[in-house]
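In what follows, subunit A forms one complex with subunit B and a second complex with subunit C.
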Partner chain A sequence: MSDPRPNRYQLGPDVVEVQRAPEPGVGRSFYRAFRETLRGLKTTLGRFAEGTVTIQYPEEKTPVYPRFRGRHKLHKFEAEIDGTAGLEKCVGCSLCAAACPADCIRVVAADNDPENPTSAGERYAAVYEINLARCIFCGYCELACPFDAITLGHDYELSDYNRSDLIFTKDMLLDEPAERTPLRREGE
Partner chain B sequence: MSSNLQYRSPYTVVDALPPGYSRRPAGEPERATITFTIDGQEIQAPEGIMVVDAAKYGGVEIPVFCYEPKLGAPVGACRMCLVEIEGIPKLQTACSTPVRDGMVVVTKSERVVEAQNGVVEFILLNHPLDCPVCDKGGECPLQDISYGWGGGESRMVEPKRHFEKPVALSDAIAIDRERCILCYRCVRFSQEVSEDYQLVLLDRGAGAHVGTFDGTQYIAPFSGNIVELCPVGALTSRAYRFRARPWDVEQGGSVCTLCPAQCNVSYTVRDEQVMRTLSRENAGVDDGWLCDKGRFAYEAWESDARITTPLVRQGDKLMPARWEVALTAAANILKKSGPRTAALAGGATTNEEGWLLRRLMLDGLGSPHFDSRRGGEFDFDVARTLANPALAATMPDVEWADALLVLDCEPVDDMPVLDLRIRKGVRRNGVKLAIASARPSSLDAGATRVARIAPGGAEAFTQALLAALGDGGDVETLCENAGADAAEVRAIADLLAGAKRPVIVWSERLAVTGRGAAPLRAICNLADRLGIAAKDGAGLLEVPLSANARGLREIGLLPTAAPGLMHCDNPGLDATGIAAACGEEISALVLMNTDPLSDYDDPTAWSAALAKAGAVISFSTWMDAATARHADVVFPAEVGPEKDGTVTHPDGRIQRLRQTVERAGEVNAGWWVLNELGRRVGVDLGVKVANQATAQIANHVGIYAGVTTAELGGDGVRWQERDAAANLPRPARTTFDLTPPPAAPSSDGYLRLGVFRSLWSGGEVVNAATLATLAAAPRRVELSPVDGERLGLTSGDAVTVKTGDGEMSAVVALRDAVPAGFAFVSADLRLDEGDEAAVATLGRALASTEERSAEVTK
Partner chain C sequence: MTAAAATIAAPVAEVGFNEPVLAQILIAVIVFAVMLQLVPMLLIAERKLLGRFQGRYGPNRVGPFGALQPLVDIVKLAAKEDFAPRTASKAVFVIAPVIALFTAIATTAIIPFGDTRSDGLFGADYGLYGIDVSIGILYAFAFGAIAFYGLMLGGWASGSKYSFLGAMRSAAQLISYELAAGLSLIGVVMMSGSLSLTAIVREQSDMWFVVPQFAGFLIFTIASFAETNRAPFDLVEADAELVAGYQTEYGGMRFASFMMAEYMNMITFSGIATAMFLGGWHGPGPGWLDPFWVLAKMIGFLILFIWVRATLPRLRYDQLMSFGWKVLVPLATLNLVVTAILVVAL
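Right after this comes the complex of A and B.
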């Protein structure tokens, strides 16, 4: 039985004509082949003139932005106001621990001895630990601290061989960052 | 931790019944339901409750500081709860305005918000805002309310008021007066709840501050509650000082097992250590209060004095041993002595431990000699009558009774939180209180009637009461025997007879007077005479001598009864019998959480018995006298927050203990130790997890049939209210023939000696830093000022108290309330060497109604 519908899809004679550009000459062919190479060479040769930019890490270090968030520091009072110089600013309030999204701060507070105070408040942090292996360097602890006792510094050299060595204790955080990267010595 | 044991938010919609109530107490008036409008929504609430509470039915939160329903009538001190009520021009305090039908309340209008901002600003005027160093920070209503309802800014530039801080209000509590917002909660607690009348608000205006009137320490048995009440960080616990923040900790609900009150607690846990104990309000048990012993005992559990390893005796020393060694040593003792082994349990022993101990003894060793009572005859009919659900008073019944008799019991020492419940009933619900006790009771002041009886005269008093109620017998003679005033006894009889809901609170001490079950029979008769069974809201409440005495009795840790107070074919020796048979019929003794030398009434007999008993195995938390001197093997016992299991409240509420911290040191679960011992003596107790023991109880104890920990939940269930209560065997008779009581002890011209045990004793008190000063108080002898003058003694004098067979040293305390001719000696049995004679003397005086007189000399 033949299909009663009209066949709309019958192909007619199908001729495609291709338009071609004229054949290039020798010079133009060369240019087309090496144009990008030459552009690259121009940049290379141009940089030669500027001198080296490689930073010899770890002997040399890239400067960080002022608001870079690196390893934490705990601070002490420096100025002599009401005899507080040298006392820890941290009162062990645990607010940083509450703010920390990675839950990596542990504070155990204790009663300050008024005769021989550790901090300037009624309490002080007997234990203050940050697990830097878990820290995401968000800086919330710094925001939360009512005494500006903790800030994030510029030190980013934090790798170690042992995870537990990345739990920084209060003494470590009060100290200047230790020199942790092996440097090439004179003559090495 | 399951949610039903957790802290309850005060802002959830209140249930029709408070947690822990299964029914409204009979005496509590019904309230009609009314409809009122709050913030545009129409809601229904019981008539007459305060607007703050009514608002919760519609989920509306009104901020409060001073309002605390536990403290009684509101005072409207802080003005934080101001709301607009249609028809009243001024803003009203929602905490002290009862809700009425058709009332229209607005809590969010501009006027209200302005007022709330103003109140917060005003409250913060002098507040130091030292949240970072403040222990309340993170759980502080002042922080929350400032944040939620405050304006956010202060205009105060002037200097704030300053006080010296922190100051010790007592060993337990530090006060920071700068932080105080003068809400009066602590003062109201002291004045109207615990009625110790010590805290007051001193000075006025900006100088107003909380303190004791004369600047002495605030020392009271319930002082710790004010720390929980204070809505700011003005009152803080010194023991908890700076130990944790709310986000550092978890709360775990359990039950305190230091006394029969079995208050519901919530332990604050940090790093597997209990940091503090908070109340977990259960209206059916504790009403939201704790005593200081329960609150600060956790300090003792951390102390070095606690036994945390198994010990085995080598020579005359107890040496730490491995579990395997200790278990084998204990099993060898048990195997060797077999049916000649006896066991005593007390204190915080759970139903499960009691059950497994019973099975170990019966199934493992074939010995029926175990007891959880302190002695005294066990009469089935009496026990079953007294357990009759129709005669049982609940804790709320105590508060809603119309006449309450407290018989030979000092609640503040025997079951502290009951003391607060009674005071509440008297103060707020007009309970008519009658006291019959030898030593002046701290409840005397609020009592309608006080009958002073001779020490040991409680049985005669009960019979005199019966006679006065028309039960036969001669009132005068019986009163003479009781050492009581006949007119007073008659007045008490009238009071009880005329009551619709008489409740009688009596002490288990009546069962161990040396008169067998006779005093209890008199109580049964009294219940019958007063028609208690037929009266809704009337009942009896026994105050047991140890924390879980009721549970242990009911699961069958009795020599003469099977579980569920059922008949038992093969009775064994009871505690008194065991003491007598040690060395003969009994060759080994198991002590579970009990020290017979200080818990039982006859230390001399027990001292001899323990020395003669071939071997002693002790489950103990502390190196108590019996353990130190006589134990051959010591198993370290778990303390409250380490335990899993169930206990039974004196009013029949089965409550669940849940483990919230790791067991200290090498401590193992009590059920595990018993199961291991069973295995070694050849019986499989079949317990691999704690609630398998609960399941065994549910299968074998008729009146506890089918009980599961899930059913108990956080609030517990009274077994009398379960269907299984029908399994309680009926007594053959409920009234008894009484034998005449012994004549009143004569004093032979000396003083009559009475003995009392104070709350402040036991390892938990001695080893808790906060409580130690209270425990260290020297033995007291209380005299009347008349005798004081006659003997030339004043308070504080060191004296020697001589009795027929011994003497002891004590310090005089003159008390106006002590009747002339009596001397009351505190029997906090601290068995230091050399104190033995005193202890023996006291112990016997505690126990007997015999002639007991004392001579007090400088």
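Right after this comes the complex of A and C.
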């Protein structure tokens, strides 16, 4: 069904002419409308047969990938990994606060008591607060930290009734977070 | 007197017996209760099925499997404020949903659930239907025409442009498709020689009318989608364009009345389709199964309503009109003429 007239516009080789089906007659258009309707009904019935894809959220949760960036965690030295236990890894250097694009980390450092040190370095973080209402979960703090003291965990259920409740203090960040989020295996 | 009676050789439909008043009341209560209970079941079935057609569950929080969802919805609507816009004509605004609901419920009376029986309820014959009027199907269309006042007045009295637009659309749509629906049923009426629904069902004991009147059945099905404002002809409500059409300004129980009228209309139309085309109470099994056959066929037709709603997109307004007048009405007329020729010839 090509146009018999000569092509007055030189089309480039990348231009593909639109192929149109012949205009249907009355009978054919009825048949086509009927057939397409039935095809649509078959499609929806197929969805019905496939079953649901819903995840019933509060009861079931979407598993996250291992590298998912959720709520932050502060770490302490652990005996089985590091030999010593109990000391905080954070030395209060404030590099995380400097790296933070959302300016949500506040660190106030203080000198360690030599007799009873809080952290492994000279100083420790006397105040360590993350305002999770501002945090964009970019993970720059994790990258900036020279001692791997702060990492981003998997918890994404972070809603609360007050904005002030979203300012996480050092104790909250050091605490083992409630494992509320299922983890996907690598490659799943 | 006798001469006049003789000229009318065969009456269009003959009831031929009188039910005792007690039987009438009992049957009316049963029919009313069953039909009314179908509405919430249809509501939850529609939402569940629509969900399944879209790969989700639908409501499943209230009660077992979400079965109490309609109850909660109704309680919520009943608790709402009885509100009318400042620009509304208050009296008409209040009366419109009453008209819609009244006509919708009145129409359900003619759906036959079983044949006339003589096994002695209060010592007389009785029929498993609300009424068996001799004008039968015309009664349904008469009430359908009154029901249309409900939508029209409701839209007009709201004093809102969206309501008015929705009402105008519903006026145009209902008039065009009522014609096609009526014409498609005349083929069945001609084949059975009666307007009474029970007589029509009795005629179908050998073969359901859906076989010889398949074109009529298709036209009636499509027209009933439009008559009940269902997708793909739901541009009376067209939630994306008109908010909710004629019921935009309605809230609370008035809105619930409109919705209920709409669902009752769906049930009525599936009942009429069952009686006219799908053989009514005919089906295998003992006689006491008859009402259940009718219910099963009606539910099948209602599932078709929901299935189509899950499938087809809404028509444009001009498409709706041209489809009604240029396709459905000529087709229905052709079906009518062919049936008339065949009925006379055979």
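Here is the rule we use: the second predicted complex is superposed on the first by the 121 of 188 C-alpha atoms of A that agree within 3 Å, B and C clash if a C-alpha of one lies under 4 Å from a C-alpha of the other, contacts with A are read in each partner's own complex, and residues count from 1 in each chain.
Quick note on the criterion: contacts are C-beta pairs under 8 Å (C-beta built on N, C-alpha and C of every residue); 3 or more make two chains touch, one makes a residue touch a chain.
What you see is a predicted model, and the numbers here were worked out from it, not measured in a lab.
Once the two complexes are laid over each other on the shared chain, residue contacts for A:131 go to neither subunit B nor subunit C. Applying the stated contact rule after C-alpha superposition, one finds that A:84 touches neither subunit B nor subunit C. Legend: residue contacts after superposition of the two complexes on their common chain; A:48 is shown touching subunit C, with no touch to subunit B.
Applying the stated contact rule after C-alpha superposition, one finds that A:40 touches subunit C and leaves subunit B untouched. In the superposition on chain A, A:97 makes contact with subunit B only, while subunit C stays out of contact range. Every residue of subunit A that touches subunit C in the complex is listed here, in rising order: 37, 40-41, 43-45, 47-48, 50-54, 56. Taken in their complex, subunit B has these residues touching subunit A: 130-133, 137-138, 166, 241-243, 245, 247-248. Subunit C contributes residues 49, 51-57, 307-308, 310-312 to its touches with subunit A in the complex.
On the side of subunit A, the complex with subunit B involves touching residues 91-95, 97-98, 107-111, 121-123, 146-147.
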